[in-house]
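Some structures are shown below for you to check.
What follows is chain A paired twice: with chain B in the first complex and chain C in the second.
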Partner chain A sequence: MGKSPTTKDDAQALFQSLRSAYSATPTNLKIIDLYVVFAVFTALVQVVYMAIVGSFPFNSFLSGVLSCVGTAVLAVCLRIQVNKENKEFKDLPPERAFADFVLCNLVLHLVIMNFLG
Partner chain B sequence: MANFSIATVFIASISLLFALSNSFSLENPTDRRILVLVDDLALKSSHSIFFSSLQTRGFELDFKLSDDPKIALQRYGQYLYDGLILFSPTIERFGGSLDVAAILDFVDSGKDLIVAADASASDLIRNIAAECGVDFDEDSSAVVIDHGSYAVSGTEGDHTLIAADDFIQSDVLLGTTKIEAPVLFKGIGHSLNPANSLARNNARVLFSGSLDLFSNKYEIFCSSSNHQCKRQGAQIITCNRYAKSGNQQFVTELSKWVFHERGHLKAVNVRHHRVGETDEPAIYRINDDLEYLVEIYEWSGSSWEPYVANDVQIQFYMMSPYVLKTMSTDKKGLYRTSFKVPDVYGVFQFKVEYQRLGYTSLSLAKQIPVRPFRHNEYERFIPTAFPYYGASFSTMAAFFIFSFVYLYSK
Partner chain C sequence: MARSLGFIIVLLAVTSICDAVAIFHPISESHRSAALELFSPAAGSFSGLEEAYEALRTFEVLGIEKPDTKDHTCNSVVDTLSSSSSNLKDLYHSLRVNGLLKCKTSKEALTGTVSRLKGGVKEATTLLDYYYSVGGLLLVKDQSSEVDVLLGNADGILRSIKALSQSDGRWRYSSNNPASSTYAAGVALETLSGVISLAASAIDENLIGTLKNDIVKLFDSIEKYDDGAYYFDDKVIDASGHQGPLSATSAVVRGLTTFASTSGTLNIPEEKILGLARFFLGVGVPGNSKDLYYQIDALSCLENNRVSVPLILSLPATVLSLTSNDKLKVRVNTVLGSIAPPLSVKLMQVFSSGSKDAPVLKEELKFDPKEAIHTMDALPEGVDIGEYVFAFEIVLSDPEDKRKYATGGRTKVPIHVTGVVGVDNAKLTLLEGDSVESEKKLNLPGKNDVALSANHLQKLHLSFLLTTPLGKPFKPHQALFKLRHETGVEHIFVVGNSGKQFKIALDFLGLVEKFFYLSGQYDIELIVGDAAMENSFLQPLGYVELDLPKVPEKATRPPSQAVDPYLRYGPKAEINHIFRVPEKRPPQEVSFAFLGLVFVPFLVFLIGLLRLGVNLKNFPTSTVPATFAILFHGGIAAVLLLYVFFWLKLDLFTTLKALGVIGIFLMFVGHSTLSHIASVSVKVKSA
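Right after this comes the complex of A and B.
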């Protein structure tokens, strides 16, 4: 009993530090994060749906989920490349990174459309 | 002396599987011309009731002595007879061109045969029987004795004249009228070889270990003193008195069966189509609903009558039966059923294998291929998959919006 308020306080402190640290993140990275969260959430919804109705149009299921997963992966790649603090890609202009991202997305969605059924 | 327990065993009948023969015209399967071979023409009068019953039913009987040098079953490759009756147990060698091989060829071509032997059966007759899977008792002095069920008259104290009333339960073999009086039998025993595999062509063959079975002697014999007694141990438990033996009815009914006056089936008008259509397709698709129809008729001796049974089954067969269904009949000969083609594609067969005691075996097989769905036969949009479609399009829309927001957010 004596312990739980301490634990709660610790958790609060942790979240607050996380939030304050995250608020320092540049806006463009926050937009990417929101986009990734949306994609992962959509993928989870579909997996739950498949568990309920069964795997019958399995190709459609794969298309739906993989489009979300692919989107999330490409967005994370973009985030790595445009992050100013990442020194690995400091020679790569963010315009070039975004162009790569758009091209990859076009290919991804072309495949998804063909596989959707 | 061999001691056999009585049963219905004195008739060995072989009606075996299908291989369409030209023996009888398909329109009229009853035999017409019958060759009767006897050791002694006196048999003609001693067995006259049996012969006259055949003649009144329209058979042409050709009596010949079994050593007649002019005996021939065929001329110019055509059989002269539809049936053969061998009432010549003692003959060692037939006259003319007839021998064991000729008789077996006769049976193999779908013709019918009646062979009666007795204690004096010759090696020739035994050979014919053995080739057809029937082994007569080797011991020439052996007779069948039954101390449990015998006719009292005739043979005092000697139980070799057997009165049998335990017949095979088959209307097609013995007719629909019950044989009330016991059948008298005096002769040699025999057994059916279980490995017998001859004549699977619906030829019908009758072997009897008793020539007297067919004779007038037992038909009208001891009209007032014809007893049948049944014993248990030394105790007589029943003793029935009959005016007349059942032999006449018994051999008449059996000869009707042997000479295809009964139990001859034909299947015609085999057809199949999708439910709701009438044309027969060359190929089915998986999950099609189809209907299969066949007409089965039985020869009644003078006309084709509808065959009515509730156990005719159809198989939809590819290596093993995928569908096995009992067909329903309209009592006018038409059998039909409908079923769904299984969810498996390949080359199937419609199969009807109908084998019943005493009846012609029906064996129909018709090949039919089954194909899978074509690409454009699937549903274009599957309702279950709408969330997946939605997710795919929403990520696309999200990508579009994200690009704008990302590019103009600075």
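Right after this comes the complex of A and C.
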């Protein structure tokens, strides 16, 4: 039983520690992370589709991908601002950050809809 | 300096001859047929009483049968006269038509009309009010002797009309409208003469004298064309829409002649009256009915007026042929084509083209009473083929007639004389150096078939003589010598002349390059032509076989011959349009599959949310914040719905407008909701 730790064991141990650390994060941040993952996956699906069928019409592809990426970016910004451990944004109430997130998303989606064609 | 001065004098002299050289014809059948065409009433009746009058008057002057609309027109005349709502203008026009058609009108209608017209005269303020009422009364006077139409205050009326006149002879339409026009002057003169003939008592002679002076002043503003036509032009478009020289001049002629018939002769130079007649005749046959009416009406006024009656000198033919011994024929008529008083026509001078001086001939033409034509049996001596200007003079037999008729002094008419030009001594010579190789006599203008052969060291000469019927030298408009190669390349040379002798010398040595070094058979053609030449010809003369040296490297190519002209306009090759190939789209199944795939991350997101234990515990429970919260979420949903509509059918501008509205609402609601939540969370933290 006293085998030397293999890389596989190391990877597993690392993975476990990451999981336990992650589960300590507050729920609202987890929600935001899930949203980011959703947005990125949607973008990936669109890229794969474009890779298969070609880039016509290119503007629609761009607008679809950029909407996903843009909303992911805004969500990341929201996460940064809402995170209580982040000293830089201590004085910013999270509701204000959320309001900014909503406003920026609405503007982003207006532009996306215009470009969608 | 002296040369330029001399040039100017010559120019002035030439223009002084050039002016007033034109020919005018009195009214003819073409006017009658045009009247029938232009005035044919649409749908069997005329569109209005004014149009009906114009048509009927034109037919009457030209002697055409009136169309069969008498009943319908008479009905409208009687209706207008008896109706109490007709204004002065309607009454005037219906009385005019009545004068021509002689409809059955009752005495009561006429009496009623007269009283309304007299009332119109009393209350009149504008020129047209006076015109219609006075004109109407004058017409009633002609149509019925039972009704009393005389005007009591004739002097006063004359003065009030005269008050509208201007110092330059024009008239204004009303005292508060400063615009004046010549047309108004004509209308005013007609009205004034009407007042004079309707006056119950004698008019002040001084007043008539000043009115005559006004007319003379008006004639100072007359304008002139180069061909001797005089006219009045109105540059102002007045309220009735009349404009242009035809209507203005016609109105003045009408006013002038009616005034002269009531007040005696006026001091207008006969040259101007003749010029006015020339103006109307120079119009030819007008294209619309109003212009035709103005022309015919004015000419009928000029036909027998008391100032002076214009006599028109016209020629049925201005091109005379020497070969067929055409005689010079001249007609003298009044403007409407009626017979003139006894007179004789003399040919005073014959100017040949360009010359400013000519001997005075004074040859009298013979008068044929049956045809009413003045003829000259033989043309004057020395009249050869070409262009001439004949100057005629009309001499009235009765010296009393001189005051009554306007003959216009010397009338200049352009005449063309044509004849056969003699072509003699024509020969084609081939020269080597200075010695004659071969000489071929040509038979012009008949057929010829010359066959020559030459090389580039030789010369080709062509010569012939041209003489007019009177034996003088003649220079035609075109004297051209053409060589055409068998491939179609053509070369044209102008044949020069000295006196009667026409010569051209082609030195092939110098022409080798011009001929593009093309050897071969060249067809020869001679073209001689002129407007006055009755036997102009284009004759192929034969051919010359030309031997030119070889083409060097750098020589210019001959121009490519034109394609058959019929091919140029024939059908062309069909054009196949290449349309933009539409992009390749993926098959529908693939697209739908990926549509499904796109929703998968969304489902994963929802499932993840549930697993994370998402809840609505923090949703405000008390009423007001709750409503705001609901409205906040509703607002966001509304914006997203708006975006969907934007994508589907709206345009950016409506979307932005709607977005602005929803956005402002959302801001209020969101602010209140979020601040409520923030305050709640602060309370929880501090608690």
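The rule is simple: the second predicted complex is superposed on the first by the 112 of 117 C-alpha atoms of A that agree within 3 Å, B and C clash if a C-alpha of one lies under 4 Å from a C-alpha of the other, contacts with A are read in each partner's own complex, and residues count from 1 in each chain.
Basically, a residue touches a chain if its C-beta (ideal position, glycine included) is under 8 Å from a C-beta of that chain, and two chains touch if they have at least 3 such contacts.
From a predicted model like this one, the values you see are computed outputs, not experimental measurements.
J.: Taking chain A as the common reference, can chain B and chain C both be placed on it without clashing, or not? Answer clash or fit.
T.: clash
J.: Taking the superposition on A as described, I'd like to know which of chain B and chain C A:116 touches: first, second, both or neither.
T.: A:116 contacts both chain B and chain C.
J.: Once the structures are superposed on A, label A:52 by its partner contacts, choosing first (chain B), second (chain C), both or neither.
T.: In the superposition, A:52 contacts chain C only.
J.: According to the stated criteria, A:77 is in contact with first (chain B), second (chain C), both, or neither; which is it?
T.: Neither: A:77 stays clear of chain B and chain C.
J.: Touch test for A:41: chain B only (first), chain C only (second), both, or neither?
T.: second
J.: Based on the superposed arrangement, let me know which partner A:97 touches: chain B (first), chain C (second), both, or neither?
T.: So A:97 meets neither chain B nor chain C here.
J.: Look at A:29 in the shared chain and tell me whether it touches chain B only, chain C only, both, or neither; answer first, second, both or neither.
T.: A:29 contacts neither chain B nor chain C.
J.: Chain C: which of 509-517, 635-643 or 653-661 bumps into chain B?
T.: 509-517
J.: Just to be sure I follow: which residues of chain A are touched by chain B in one complex and then by chain C in the other one?
T.: Of chain A, residues 27, 31, 35, 38-39, 42, 45-46, 49, 53-54, 56, 98, 102, 109, 113, 116 contact chain B in one complex and chain C in the other.
J.: For the complex, give me every residue of chain C touching chain A.
T.: 583-586, 590-591, 594, 597-598, 600-602, 604-605, 608-609, 612-614, 636, 639-640, 643, 646-647, 652, 655, 659, 663, 670-671, 674-675, 677-678, 681
J.: Touching residues of chain A toward chain C in the complex: what are they?
T.: 27, 30-31, 34-35, 37-39, 41-42, 45-46, 48-49, 52-54, 56, 93, 95-96, 98-99, 102, 106, 109-110, 113-114, 116
J.: For the complex, which residues does chain B have touching chain A?
T.: 382, 384-385, 387-392, 394-396, 398-399, 402-403, 405-407, 409-410
J.: Okay, in this complex, where on chain A does chain B touch?
T.: Contacts found on chain A: 27-28, 31-32, 35, 38-39, 42-43, 45-46, 49, 53-54, 56-57, 60-61, 63-65, 67-68, 71, 75, 98, 102, 105, 109, 112-113, 116-117.
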